[in-house]
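Below, chain A partners chain B and then partners chain C, in two separate complexes.
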Partner chain A sequence: MKYQSQSVARLYFIAALGLFAGQILFGLIMGLQYVIGDFLFPAIPFNVARMVHTNLLIVWLLFGFMGAAYFLVPEECETELYSPKLAVVLFWVFLIAGALTIVGYLMVPYAALAKMTGNDLLPTMGREFLEQPLITKIGIVLVALGFLFNLGMTVLRGRKTVITSVLMIGLIGLAVMFLFSFYNPENLVRDKFYWWWVVHLWVEGVWELILGAILAFVLIKTTGVDREVIEKWLYMIIAMALITGILGTGHHYFWIGAPEYWQWLGSIFSAMEPIPFFMMTMFAFTMVRKRRRDHPNKAAVMWAMGTGVMAFLGAGVWGFLHTLAPVNYYTHGTQITASHGHLAFYGAYAMIVMCIISYAMPLIRGRVANSQKSQRTELWGFWLMSISMLLITLFLTGAGILQVWMQRYTDTPLPFMVVQDKIEIFYWLRLISGVGFMAGLGVYFWSFFIGTEEEAAKDNAQMMAMAK
Partner chain B sequence: MNETFTKAMARNIFYGGSLFFILVFLGLTFHTERTLPERDHRENINEQVILGKKVWEENNCVGCHSLLGEGAYFAPELGNVYTRYGNSKEAIIGFIKSRPENGIPGRRSMPQFNLSDQELEAVAEFLKWTSEINTSNWPPNDQG
Partner chain C sequence: MWLFILAELSVFALFFLLFSALRRYDPETFNAGQQLLHPVAGLVNTLVLLTSSGCVAEAIVRLRQHRPGALGWWLLSIPVGALYIPIKLWEYKQLVAAGHDLDSNAFFTGYFLLTGFHLLHVVLGLVILLFVALRIKQGAYRQGQISGAESSACYWHMVDLVWVILFPLIYVIH
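Right after this comes the complex of A and B.
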């Protein structure tokens, strides 16, 4: 760690991982409710568990992105953070607001929460992923403003690099697109149309810039490849992301009442969306192959390559699978969608956050890399989580194919609930894989507590000597 | 990547390409907004439909169901429930009203929301209006 203020990232990373564990816990609750319908009913109905699961996901990823930015921007700009104090204050504001929101979901019926928090003033609640009460949404905007101000001042004061510009464009884009969550037209079709400006233009738009910037940073640091080369790759990746992803939004406009030309536009442009993800995989592998040094943090390099591959599989391959209008006509809103959502979010965004944590945390704790033993344990966590997530994806895909077959692509369609009963075995298998995921997360957490300072120093010295 | 292709070129593709497609997207949005009234039948959005959408949102129905294919996949699609129930608002109201407080043992159950008569009527009207949106023939059949 080169600048003292980078260490505020530590708070953000710890919170991110804690909330991640909460997300998975509620994932398992839902996984059980899928097979034992009345599990925890009516104390925690499925919809409540789902809100907690998905909102925790978004919030922990945001904590991860913020931590990444606080770590990376001072180092890139070669100056201390403008105000570490502001970063700490905003951290607590965000964490407490987030925690109160989750407690609200769990303790009060949603309708009562809506009344209590003034949803009448400006109805924004009750839409997927944007369930937060108005005050939470306003809080998110305020935290984002303070965060961007803090980073912006740091960037202005220091060295300008491509990585920081791309990261800043991504983060500003994230904040700007979130403003559409305040726009909720009474006309459902228009509501849905602009809802996707938050959801799609996040994950298949501005978030890809954040992903690319973090990946580029970790690759520069761990491979020592020339900055010029890395920056050229980064520009091309994000160029392809936005060129395909913006009109690619059309893949959500097929069946919600929008005009039919979106079937052509959405299919064609979103069919090209795998390209930037493929380039990210190529990027990571090529840079590692051309490396000028062997960094002792093998685990971070593994996460960097892993996020490339898994994002390509989840977003690229599983996205392409159902993105053409004639296919999507049958798969829209089935378990196929869920399978893709899981692998894409995990591969692209959960893994990039764990990648930067893997690289940054040892440095914040005063060592170049963790001890060999700790890294081996971390890699066990990596494989357990990644393989479990692949299994979850495969089982949900199986469930989805049968669902389409029995309920949609047939002359004798069966009712939804009848089909759900028939495909129950896949939900059991998904649940078991989910337990595997939780175990992987546990192993990953454990790796943080393994190995003493001395062991790390000894292992790193040995690595450095070998590299010479 | 090869040497004649410079970083400056890559940067220009990023800024130029993004700006171009943002403008195209805004243009298409403008066009979509102009043609939507023919497909969404907004002339039928009355006070009840508006209240119904609010009831839908404030009870987080989308946390279990999908609506026009978006939402959760735990419970049936409701964009076409009006037609599935034989074009009957009464059937929809009857179903929502009759959910047991403690669920159905061993089964996925829908909560009892204790909606007022006015709210029940409104949410049914909202679902009726939704079923009349021109969705290019989606879903493929009545089962949603």
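Right after this comes the complex of A and C.
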């Protein structure tokens, strides 16, 4: 770690991983509710568990992105962070607001929560992923403003690089797009239309810039490839991401009541959305192959390559499977969507956050890389989580195909619940894979606590000597 | 630049495929729609784009061989290419006046989206041409480093390549 203020990232990373564990816990609860319908009823109904699962995902990824930015920007700009104190204050504000919101979801009925938090002043609640009470939403905006101010001031007084510019554009875009969560028109079509400006333009737009910037940073640091080469790749990736992603929003407009030409635009542009993800995979592998040095942090390099592959599979391949309008006509809102959602979020965003944590945390803790033993454990976590997530995806895809077959693509459609009974076996298998994922997460957490300072120093010295 | 062109061509290729596939489903609507288009305007626009592209090619040859006249040829390509825009807009005006728009039917959705996207590319191409003309005037390519100009020329050729496929596909083939 080159600058003292980079260490504020530690708080953010720890919170991110803690919330990640919460997300997985609620995922398991829901996985069980799929097969044992009244599990934990009435304490935690399915809709509440789902809301907690998805909201925790978003919040922990945001913590991860913020931590990544606080670590990366000072190093890229070659200056201390403008105000580490502000970063710490905002951290606690965000964490407490987030925790209170989750507690609110769990303790009070949603309608009562809406009433308590003044939703009738400006109704914004009740929409998937944007369920947060008004005050939480305002809190998020304030935290985002403070965060962008802090980073912006740092960038302004330091060295300007392509990586920080791309990251800043991504983060500003993230904040700007979130503002559409305050716009909630009465007309359901228009509501959905702009709702996607938050949801889609986040994950298939500006978040890809954040992903690209973090990936580029880790690759520069671990492979020693020339900055110019890395930047050229980054430019091409983000150009493709925006060209395909912005109009790709159309693949959500097929059946919500928007004009029919969206079926053309959505199909064509989103069919190209796998390209930037494919380029990211190529990017990671090419840079690692052309590496000019062997960085002792093998685990971070593994996460960087892993995020490329899994993002391409999850976002690219599984997204393409059901993005064309004639296909989506049958698959819309089935388990196919769920399978894509799981692998895409894990591959693209969960893994990039773990990638930067894997690279940054040892440095924050005062070593170049963790000991060999610790890294081996971390990689066990990597494989357990990644394979479990692939299995979850495959089982959900199986469930989805059967669901489409029996309920949609047939002359004699069966009722929804009858079909759900018939595909129950897939839900059991998915649940078992989910337990595997939780185990992988446990192993990953464990890797932070093994290996002493001396072991790390010895292993790193050995690696350096071998590299020479 | 080549990668960018490849991406652009892929988008248009997907559009062409979709258009052709839909025509197979409903040939009557597509033939009826085609009757309403103005093939002469389309032909004129084809010639406009090809001529403009020719000027750019001539300018590139001169730049490469350090012969005079590169700037003149390059500058000529801009007004010639720009002629495309009023002709296209006149066509749109005719069709909209006759009550056809993006939402009328599959043929017109395809027609307006495809030609509309192409029109945006023409506009972008002209902006690029203008920018390179300024660079030529500043003498930026005198050292023999002309890859910037060549890339822009490639882009402009791509724009008329797309039109050369689009024109027969939408206006001519039954």
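Quick note on the criterion: the second predicted complex is superposed on the first by the 468 of 468 C-alpha atoms of A that agree within 3 Å, B and C clash if a C-alpha of one lies under 4 Å from a C-alpha of the other, contacts with A are read in each partner's own complex, and residues count from 1 in each chain.
By our rule, contacts are C-beta pairs under 8 Å (C-beta built on N, C-alpha and C of every residue); 3 or more make two chains touch, one makes a residue touch a chain.
Since the model is a prediction, treat every value here as computed from it, not as a measurement.
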Fit or clash between chain C and chain B when superposed on chain A: fit
Touching partner for A:S267 - first (chain B), second (chain C), both, neither: second
Which superposed partner A:I275 touches (first chain B, second chain C, both, neither): second
Touching partner for A:A239 - first (chain B), second (chain C), both, neither: both
Greater chain A contact set [chain C / chain B]: B
First, second, both or neither for A:P259, with chain B first and chain C second: both
Vertex chain A angle, Cα centres of chain C and chain B, expressed to the nearest 10 degrees: 70
Partner chain in contact with A:P415 - chain B first, chain C second, else both or neither: first
Which of chain B and chain C A:E454 touches, first, second, both or neither: neither
Superposed arrangement (fit on chain A Cα atoms) - minimum chain B/chain C Cα distance in Å: 6
Touching both chain C and chain B, counted on chain A across the two superposed complexes: 236, 239, 243, 259-260, 265
Parts of chain A lying in touch with chain B, wherever the complex brings them together: 30, 33-34, 36-38, 41-42, 45-48, 50-51, 110-111, 114-115, 119, 123, 125-128, 131, 162, 184, 186-193, 228-229, 231-233, 235-236, 238-239, 242-243, 246-247, 249, 252-260, 262-263, 265, 329-330, 332-335, 337-338, 407-409, 413-417, 420
Residue ranges of chain A in contact with chain C within the complex: 236, 239-240, 243, 259-261, 264-265, 267-269, 271-272, 275
Contacting residues of chain B [partner chain A, same complex]: 1, 5-7, 10-11, 13-14, 17-18, 21-22, 24-25, 28-29, 31-33, 35-36, 39-40, 42, 45, 49-50, 53-54, 56-64, 66-77, 101-109, 111-113, 130, 133-136, 138-144
Contact set on chain C toward chain A in their complex: 3-4, 7, 10-11, 14-15, 18, 102-103, 109-110, 112-113
